[in-house]
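Heads up, the next two complexes both have chain A, just with different partners, chain B and then chain C.
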Partner chain A sequence: MFRPLKKSFNLKKESKIDTDIKQTARRVYDAPNKGILWDWEVAGYIFTKAIAAGIIAFPFLFQMTGLVKVADSVLFTVAISSLLFLGLTGILLIKDLDQPKRFLYVLLRPNWTSWLVKGGYTITAFGGLVTLWCVLKYFDFPIIADLIVWPILILSVLLAIYTAFLFGQAKGRDFWQSPLLSLHMLLHSVVGGSAALLAASMFLPALMPLVPLLKEILIWSLLIQLLSFAAEFLSSHPTEDANKAAHMITHGTFRTAFWGGVVLLGNAIPLLLLIGKLRIAGCSRGLSFWY
Partner chain B sequence: MSFVIFIKRIFHRVYVACKAENDVPVGVNRTWVKYIEKGEFPHTKRFFSVMRCNHCEDAPCITICPTSALYKRPDGIVDFNNERCIACKSCTQACPYDAIYIDPETHTAAKCNYCAHRVDVGLKPACVIVCPTEAIVAGDLDDPISKISQLVAGNQVTVRKPEKGTIPNVFYIESDNASLVPNGFLLVDKESGVTSSRVVQAVKKKFQFKKRVKN
Partner chain C sequence: MSLKPKLGLIEKFAEGIGLIPKLNFEDGKIEPMNDPGDLSNYPPPEKWDDWVEYEPTKWSRKIKRHYTIVPTSCFNCESGCGLLSYVDKETGEVRKFEGNPYHPASRGRICAKGPATINQIKDPDRILHPMRRVGKRGAGKWERVSWDVVLDEIAAKIRKAIKEERNNEITYHVGRPGHEGFMDRVLQAWGVDGHNSHTNVCSAGARTGFALWDGFDRKMPDFANAEFILMISAHLESGHYFNPHAQRIIESKNSGTKIAVMDIRLSNTASRADHWMATYPGTEAAVLLAMAKIILDEGLYNEAYLRNWINWAAWLEADHPKTEISFENFILKLKEEYAEYTPEFAEQESGVTTQAVVDVARQIGRAGSRFSSINWRSASSGNLGGWQIARCLQFLNVLTGSLGTKGGSLPSSWNKYSPKMPNPPPPQKYWNELHFPKEYPLAHFEMSFLLPHFLKEGRGKIDVYFTRVFNPVWTFPDGFSWIEALRDTEKIGLHAALTPTWNETAYFADYVLPMGHASERHDIISYETHAGKWIAFRQPVLREVARRNGKAVKYTYETNPGEVWEEDEFWIELSWRIDPDGSLGIRDYFISPYRPGEKMTVDEYYQYIFERVPGLPEAAEKEGLTPLDYMRRFGAFEMEKEVLELHNKVLTEQQLYESLS
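Coming up: the complex of A and B.
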């Protein structure tokens, strides 16, 4: 039986219908959805940037701390590889712009509060120093080259994590406000770098002295990464939108990519293969490299 | 500079006036009217709300913009300069109100700029002038005798997403909170036109309800 709306909205005594009305709000007309604004180029740039930072950091760190004696040819190869991945990062960043011809504005007309500018300068400084290191090594100035290794290592950490601060500035994206984001980015780089080096060791015998230590690093970083996923997705988020986003990843649209790609293929299987010391470790390296 | 919006007086012409005044292309909007429905048939109610840039005091779009293409004018208006914009779309990610879009003609970011070109010559924004019911009031909150100051002081006002700490400057009177931050949502696939499963479920539920009433 029809019930007049006026009566159902009596503020003094709220009926069950009033409660239902309040609980069933739905959007029926709105501005068109803008779609995905940061598409595969941004995901791709995070991937290439993580490898660019990680692939150079470990051999340089091992060499400087004396943990492993690394051949100059290996250092040179990883420096060039890092520059290649950094170049790819730059190409993807520029490709994502709707005004690609203006990309230099980031460096020439900077707004210093933006982490996009700080990141742009980090990429430029990192690329510049690695190039300088290669030039110094090539023309045989080892002492000066060694002096810039520590700045390169510091910049590689900044390169790995600055995107977390950029995402933190994106206040319209609640899920990116996670305090664990910089840890995720750092782990991403550690996993990407160590897995890429392990995969490369199948073709470059000069990398073999690094393999035992890289395996240890990959095992621990995969383990911590899985724990960080658990911390991120098993805990409650401060806003409803962040909870919705987490639910979409674990139970919604992205569940197959997350559970199948990220958790299983990208972390759990490589971890089990590495821990089990199976002969097919090469497969695990490939998987870790990819995810 | 701020806006006060009387939700229950809203007309669609504010949206049309904005489109005409700023030559906003088809498919994108600087301001728009959003509909929310609540309840199950026949006990339903529809709410309207006007969405736009909130000209925040602490605007995250200005903070994140790498080239200062988005900036705050001395009068508080958050304006943009499309000559500087590189269209990195970071501002669209930073805005909690989804008020910024990429103009399909200039390929740069754009949004409500309080009709700054009109304000500069002493006129009010187009949406304010066109509304026959004075649903939108624009003015300076720093001026204690302005109409907007008195409205904000004398009414219960709401802002969108205050928890973001952006200190928005668009105030809603007689608003329904769900119309500003809805619990339900509508997602339509652009290509196929298929609605999200949640909407489909809601429609199915509505039909089941009708069937039950009929029986």
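Coming up: the complex of A and C.
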């Protein structure tokens, strides 16, 4: 091993330029260490965010429009559940950052042109209003609580779709420049929210009044979602890279996850199961709702 | 421009209540986000044994690679800048080359050719084994042979020639030596006048002009300390030592030194100069003579220097015998001599404006002993009588007394170390007229470009011809004459091309002998790059790694790719086989200085030399190393920081006696 050099060794004389360079040297960017493909945190965050938005939107919407009479306990439960999924979304978002320690910079050194910031504030505002709604309900201020339901619903839509604008700003990600992306995001929330509520109805009888409508919503949203997949994956894309990405999903690395997981398990099978049990009347109600 | 951005309300508030740290915008600088020391210039030597870096090809997975760092010297131009080789400890592979910050000349700053060594050592087309021609010479067919066969066959031919006193039929023709004196010693040991070079198509013209002044045929401009620099046809010192010189030229310029460039091209140097004098080709001397006149007429000359160091009295006596011998009369007569070289004359000859000639001349005169100049090389080598350009240039240094001074131009040998080799052989007793024909008595170097013509004229023949890092078929004028001579086995009996790469000349060889690149060979390097004096080591890095790992290596080709060898060991082995029984007396010069009667190893050769480098044994001892190990570890040693004004040193009786003998 080397011993430390002694002073006798002829070190080069450091020029003023060297000293200046050393004094002013600083990193001006952080090299990305996430690789080319988005990792599971991004997929996970889209999933939890879709549920956080969808799970609260339908019961609140039904209640406000009078389509279904929803019990307060249900509203309270979905609000708390939405906050839980929102919390998970936040954790995944922070974990996905190259510099998680600097996550506060997103909000506190905001770059308002970025949808990362706008999205961050959407999440914050949504979380804040839902919390406020819970507090108001708990302390029995129903009139004021009802006043913030509409803002919550609007924010839930924004929460669902803002990621489309964020991906759109990532200009290098050709595949995500699709104009259908905001529709995809909205459908994610509709499917995620209705499916989560339907699943929860097995354990929470109070949700039962919502089930028929939720089923129809889920069927139609799954149908539209499958059609949008067909539009996205069976057509050609404007750039070669987007084509390659689509090919990678349908025929490449992710083909099993896509065809087996997303199309079959996530959409087709649930759709068939739901249609099998569907009543004609329900169908017409569904049609009237969507069109 | 201020870097201070405007803070929004949210940011101001968040900073105010301490949620996020405040950015320091003092003097427009943003506080680094990383801890100090995160960025460094180079690995410190104490970490060279185990230097850790992330694997760049696996980014962004942070995979750590452990390297052992071995210094060597670049072999891609005559500068021989210091390199650090990064050897992967796990795979034993050389991964990359960077500058050696402890090299006194290049100081860690290297040009693109240094790191490009990695391309050379990994070149998929490189020659990995000795090749022998099959069929006619130049037919392009080869077979692989062993080094043993090569050595035996060539040695037998040389031995026969020497025994038959055909010593002049052995020629070693070198393009880029890249070492200090090893081959001169070998040729002297063989007793042959066998050295030929490329110098007469390169620097010989300018060398002649300088040598006629004071015997030193190259100058070492002390750019770093100069106040005014004049470079003729030199793009940031286009030739030798360009990188060590270029960095000092630019440093000097940054601290206020003015630069003038005389070049027909708007070269890189000219683009950085304060004055670009675009002379018509070959007219540089006219400008220089006019500058001399201005310096004389305006009294800008250095009287003390001229009085002491010019044989003005002898000149007066010879050229103006009727004039009283006095310094004043010398100046008077000199002015008369230069009267015709007016700036207007210079402008007419060269196209450089009168104003520019006067302006530069005055700045040269005012810089005095800190006037630095160089002519490298096209003006001298590309024009008939070009040697006069160097001669005229030196006159400006003489007039300003800037020879051997700080910031002036130094004789090259002051700043270049000549190694003390073991058991030096006596000079050869032959004169090879194929190299120095008698009709060119003033030839300053071998008339190398005429060699194929001499052979065609039947002036002689070459029985064994070595070409080394030398490709005259491609680089010399009249390449087809070289092809003719090389094809003719009557004129050239055996041609061995010692080369790291295929080339047009090797194509006409009988043996193509692969020799190593910068990281695959031993050499000593010492060049006049600045006012100091230094020595550097080129070493086969994988052999050094093997040594560090305790693995015994006998020959360098054992650790090089394929059977790529190095010249040093090749010549020792060849010499030993030329004289297998010692009867020719050649073997005596290749005996170990440490083990009587045994064959010298390459390590012993360098051990001997490094033990005799002034100051090196002491510096090595301070590090707890032998001199050889010190050079293996650090790659370079600066023995003196400034070698100046040697002409003003009073010699002792002993030194005077030695200088005469």
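Following the convention adopted for this analysis, the second predicted complex is superposed on the first by the 240 of 291 C-alpha atoms of A that agree within 3 Å, B and C clash if a C-alpha of one lies under 4 Å from a C-alpha of the other, contacts with A are read in each partner's own complex, and residues count from 1 in each chain.
Just so we're on the same page, contacts are C-beta pairs under 8 Å (C-beta built on N, C-alpha and C of every residue); 3 or more make two chains touch, one makes a residue touch a chain.
Model, not experiment: these values are computed from the prediction.
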Is A:Pro179 in contact with chain B, with chain C, with both, or with neither (first, second, both, neither)? neither
Look at A:Trp115 in the shared chain and tell me whether it touches chain B only, chain C only, both, or neither; answer first, second, both or neither. first
Which superposed partner A:Tyr105 touches (first chain B, second chain C, both, neither): both
Classify the contacts of A:Gly66 with the two partner chains as first (chain B alone), second (chain C alone), both, or neither. neither
What's your read, chain B or chain C touching more residues of chain A? B
After the superposition on A, what does A:Pro205 contact: first (chain B), second (chain C), both or neither? neither
Return the residues of chain A at which the contacts from chain B and from chain C coincide. 2-3, 5, 8-9, 17, 22, 24-27, 31-35, 105, 109-110
Touching chain A in the complex: which residues of chain B? 27-29, 32-40, 42-46, 51, 60, 62-68, 84-90, 92-98, 101-102, 107-108, 163-164, 166, 178-179, 182-188, 190, 199, 202
Looking at the complex, which residues from chain A come into contact with chain C? 1-6, 8-12, 15, 17-18, 22, 24-27, 31-35, 104-105, 107-110
Touching chain B in the complex, chain A uses residues 2-3, 5, 8-9, 17, 20-35, 37-38, 96-99, 102-103, 105-106, 109-111, 113-117, 120, 166, 169-173, 239
Touching residues on chain C, where the partner in the complex is chain A: 8, 10-11, 14, 19-20, 29-30, 32-34, 38-39, 41, 44-50, 59-62, 101-102, 104, 107-108, 251, 254, 619, 622-624, 633-634, 637-638, 641
